[in-house]
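Please find the structures below.
Two complexes are shown next, each including chain A; its partner changes from chain B in the first to chain C in the second.
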Partner chain A sequence: MRIRKASLLFFLGPALLVVALFYIIPLFLSVYISFTPMVDWNVNRYLTQFIGLQNYERLFHIVMYDPDMRAVVITTVVFVLVTLIINVFGGLLLALATYFMDEKMSATYQGLWLLPRMTPIAVYSLLWYYFFHSSGIGILNSILLKLHLIDHPIALGLDPKYLPWGAWFIIIFVNGLVGVSYGMIIFYSAFKSIPKELIIAARVDGASTTRIIKHILLPLTKWHFTFVTVWQMFSLLMTYAQTFLLVEWRVVDSTWGQTWALYVFRTAFTTTKDQGLAAAASTFLSIIGIVLGIVALKALGYEKMILEPKGDI
Partner chain B sequence: MVSIRLDKVTKRFGKVVAVNNVNLEIEDGKLYVLLGPSGGGKTTTLYLIAGIYKPTSGRIYFNEKDVTDLTPAERNVGLVFQNYALYPHMKVYDNIAFPLRLRKEPKSKIDSKVHEVAKFLRIENLLDRYPHQLSGGQQQRVALARALVKEPSVLLLDEPLSNLDALLRVYIRAELKRMQQDLGITSVYVTHDQSEALAIADKIVVINKGIIQQEGTPEQIYENPRNVFVATFIGNPPMNIVKGAVLEDGTIETTGSRLTPPPAVLEKIKRLKLKNILMAFRPENAVVSEHPMEGRFSPMGDLFEVEPLGRDAVVTVTVGEFVIKVVMPTKEAMQLRIGSKVYVNIDPNTIKYFDPNTELNLEYIEA
Partner chain C sequence: MMPETTDVETINRRRMNLALGIVVLIASIPILVTYFILMASSFANQMITGSMVGQLTFTLRNWILFFEGKLTVASAAVYSAWDILRYILNTFIVAFGVMLVTTALATMAGYACSRMKFKGRKFLIQLLILLHAFPGVSLIIAVYALYIFSKEPIPSQWWTLYAFIYVIVARAALEIPMDIWIMKGFFDKVPWEVEWSALIDGASRIKVWKDIILPLVKPGIAAVAIFSFIAGWGALIYVLVFLPPTEKTLATYIAGLLAGGSLEVVHLPVVAAAGTLYLLPTLVFFSFVRRYMLQTSLSGIKG
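Right after this comes the complex of A and B.
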């Protein structure tokens, strides 16, 4: 028993260390910092000052009275909700499409959809920077100009005429494109793991492809659906890299293109460098994430997925 | 009432020829068993009949109707899988009702049909359970119920018993046979278990490498195999094969013993100008003893092993380069000493002769 414990520690040790080093400690640090008045990374001066819930009060105040912060909240809700729907259902559609293709075709097709995920974030964002660029060299603009749909270049993500929808469209589009491949891969492998005989049986029973999807494929991958939804929700709540670059490069408006996660990042590192406030905002976001996660698991019937025990025979 | 006809049916998967130019007639109301080793093309043949696969070439007929381009549902076949393929997220009731619901039959009719078939198969008390709450035998019945509830014109079974333990298998196969006869439904049953095939088939179709090796009643297949493959595939243990040389005087010599074949066999040997011949006999058509027996063909060998299996024992003798297995009463077998010189006394009338070049039974070669 002791040996087993020791070997367990040996094998799990490195992983646990990594988790502790890169997740647990930073988490505690950030929660801790949210109770200090830290600004400008002046660690020596502020790390030992404890100011209670002041940062949270400030955050609450800003959310209540600062219209820009309101924009952040609304943008976050819209961004997460819409992108989540696109990610989950887009992934589902892609998985279904590739499931019914022959193997070679589906591999190529999936590879194509995985490209955005495999491209480095900076390169990927740069691509969309050129695409949505507000001058005539922007690909979107030049297409629209060629088609005579517009007569001069537009700044979709910046021009107040198109706000907030223009900025939302861009960040949702860019992030959605990266996100669908995740659902696609998970759902596809879930479908593939369903015994082929079940599909054949349904065909023999007279089921059309739509019926097979509705009565066999979807009910048998409920758990994957829940998992992808919750997981994607977390990542969308926390993601900011692409959006950050698009904001920095002036492709989207810094107010209506800014989600809560990006607000945290910018507050800590670029704008006011108010790490205490940023830490409070990040802790708050984590709490929201956890609550939403639990609600989603409940709503999607996680408990029901745990099977009843096998009855007498 | 449906008879099935496969007309020059071939199915290729890329380079693999899974089913090779098969011609087969399945009579109405009969139970046909497709028997063969793994990878022989049994499942593929079954799926071709079901309409899951389209043949690469050839046509399939139900009665005189060409069904080659019809879907499984249009052919109205019931299919039972080796792993049962019950829908795990549906209760037994819904599993059985599924094909009827897809046909959009009225609820009351579905309900009465489900109960009828459940009663017939004695699974009424299981209707409210999920498949994972059933034993293997129960799952098998539910799979059968789902296939039968459609009142299919053809019942197709792909190794339906191979997931059950040996005792249950023997019990259920008798039940299956009984049920098939009661319903009079044309059935195709796939198995790689030759004893199962012999036990339940009206006709056995032995298939290997996508080619039909022999088709016939269990007796025909057992008593008179068409080629060496069938001879060595059927029976437990299967037929013994001994190679002999044909001598000038028309006798056959093997490992120092001589045998005069029947005149009909001799004639064919002469006509085919065979220098060598394969002789095959069933383990139960020989007796091992310390002395040669009168009226028998008795090559001599060394007693290698005796395995008592209750009433009978399997006696293994090495005769020259050949390993011969004989089934004889355990009492007599136990008298023999391992390693001693013994005679394998073969009843000459039961010996089958095969052309070593084509491996065909001489009786199946046209005179």
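Right after this comes the complex of A and C.
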């Protein structure tokens, strides 16, 4: 028995330590920081001061009365909903298209669409920095100029004339292009796991491709559809890295291009360095994350899918 | 674009393939165009889009300027050639570190989750899914506070080393939950009989794992290693937050060049050269693991 415990500790110990140090403890510490007046990372001075709910009151106040913070809330809602629809249905369309292609072509396209996900964030942002650049060298501007749709270069993400739509368009486009590949992979492998005989039998019976999609592929992958939707909602709510440099590099407006998650990060690290307030704002993300996560686990029936070790000695 | 009524006899596979190929190609234009322009501009005298075709010439000057640490033709070097090499080395150190930590921990914990009975196993496995989805942004404030706290007792000449270690483990921590799942999926596929025969012969669990099971999950280890290398190589936020400003990686170097959106001080094709160099290892490694992507995502969702 002691040997078993020792080997279990060997296998699990390091991972559990990392999980404790970088997830569990920070989760509680973050909630604690939201009850302190911490600014400028002055841990020694502020971490012992307890100010109750003051940060939450401040946060509530700016959400109610500060138009910039209002913009953050509206941007978050629009961003999450629109990008979610694009990611789920775009992913589904890509998966269907690549499913009906021959293998070689589908592998090439899937690789291409996975590229944005794999690309270093700085390079990925750089691509869109060029694309949306407000001078004539911007790819979008040079296309529009050549088509004579505009007569001088535009700053789509910055010019008040185009706000908030211009900034929203950019952040949704840039994040959507990364996000669709997730749905694509999950749906594609779900389609692939459907027995081929089913499709062939339907074909022999004269079913069209659209009927095969409607009556075989989609009904059999409902679970995956829910999974992708919940998962993407999650990650869109929490994502900020892809947008961070676009704001820092002045590609998009810092007000209308900023979601709640990015607001948390920038408040803590770059703008006002008000960690107390940022921690309070992040608590809401944590709560949504935990609730959504538990609901998803229960609804999706994960527990049933975990195999018991057969013959652990 | 898909034929309305066709059966197995009359369906024209080739035509459907062609139609789908063209549609997806059109949808892929933004990806193809942006990547192409970045890479091609690093070999041109100016950004490809802003100029007439006749004015473009092929040149290696951008690459030379980049390695000399210069940002424009006219300006003096802002960085030295040594700085640039060091930034590349730093990027590599972080990527390699993240790879080592992630692969080691995921291989060990994945085995335990797949093969060992212990209290709270189901809870742990579900917790890992939750953690993978858990917002990095609501943790990073506290993770940074812990960092400041923990580095205080350390003598200041060790701080840079400590920053590297911390950034590696902290960044690896983001990858570990998912990679434990992936490794668990690979261990699940190894037949139990292999393990039983060895255990009955009296070998210890760790020895069986190391000598018998690990060689059987080599593809899984390779996939996790490469995925985590790519993740560490591309890391931006954690590097920016934890490493001192003098210790840049390619990510923070590029991020700094364009900060504030100013174009006066940098020649964009030089930044394109930096971006292309930064992108190349990712492209190479990604081409190795592309085929694992489907496998791993599947075993990642299904236990």
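The criterion applied here is as follows: the second predicted complex is superposed on the first by the 275 of 313 C-alpha atoms of A that agree within 3 Å, B and C clash if a C-alpha of one lies under 4 Å from a C-alpha of the other, contacts with A are read in each partner's own complex, and residues count from 1 in each chain.
The definition used in the following text is that contacts are C-beta pairs under 8 Å (C-beta built on N, C-alpha and C of every residue); 3 or more make two chains touch, one makes a residue touch a chain.
Source: prediction; values computed, not measured.
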item: Touched partner set for A:Ser282, first chain B, second chain C, both or neither; value: second
item: Partner chain in contact with A:Gly206 - chain B first, chain C second, else both or neither; value: both
item: Partner chain in contact with A:Tyr240 - chain B first, chain C second, else both or neither; value: second
item: Partner touching more residues of chain A, whether chain B or chain C; value: C
item: Touched partner set for A:His215, first chain B, second chain C, both or neither; value: first
item: Contacts of A:Pro195 with chain B and chain C, given as first, second, both or neither; value: first
item: Touching partner for A:Pro14 - first (chain B), second (chain C), both, neither; value: second
item: Partner chain in contact with A:Leu114 - chain B first, chain C second, else both or neither; value: second
item: Partner chain(s) touched by A:Gly183 [first = chain B, second = chain C, both, neither]; value: neither
item: Shared chain A surface residues [contacts with chain B and with chain C]; value: 200, 203-207, 307-308, 310-311, 313
item: Interfacial residue positions of chain A with respect to chain C in the complex; value: 3-4, 7-8, 10-12, 14-16, 18-19, 21-23, 25-27, 29-30, 33, 38, 41, 43, 47, 94, 97-98, 100-102, 105, 107, 109-116, 118-123, 126-131, 135-139, 142, 173, 177, 185-186, 188-189, 192-193, 200, 203-210, 227, 231, 234-235, 237-238, 240-241, 244-245, 248-251, 261-262, 264-265, 268-269, 275, 278-279, 282-283, 285-286, 289-290, 293-294, 297, 302-303, 305-313
item: Chain A partner contacts - residues on chain C that touch it in the complex; value: 2-8, 11, 13, 16-17, 20-21, 23-24, 27-28, 30-35, 37-38, 41, 46-47, 49-50, 101, 104-106, 108-109, 111-112, 114-118, 122, 125-127, 129-131, 133-146, 148-149, 169-170, 172-174, 176-177, 180, 188, 192, 196, 199, 204-206, 209, 230, 233-237, 241, 250-252, 254-255, 258-261, 263, 268, 271-272, 275, 278-279, 282, 286-287, 290-291, 293-294, 297-298, 301-303
item: Residue ranges of chain A touching chain B (in the complex, touch as defined); value: 195, 197-198, 200-207, 211, 215-216, 219-220, 307-308, 310-311, 313
item: Chain A-touching residues of chain B, taken from the complex the two chains share; value: 47, 50, 52, 71-73, 77-79, 81-83, 85, 87-89, 98-99, 102-103, 129-130, 132-135, 138, 146, 150
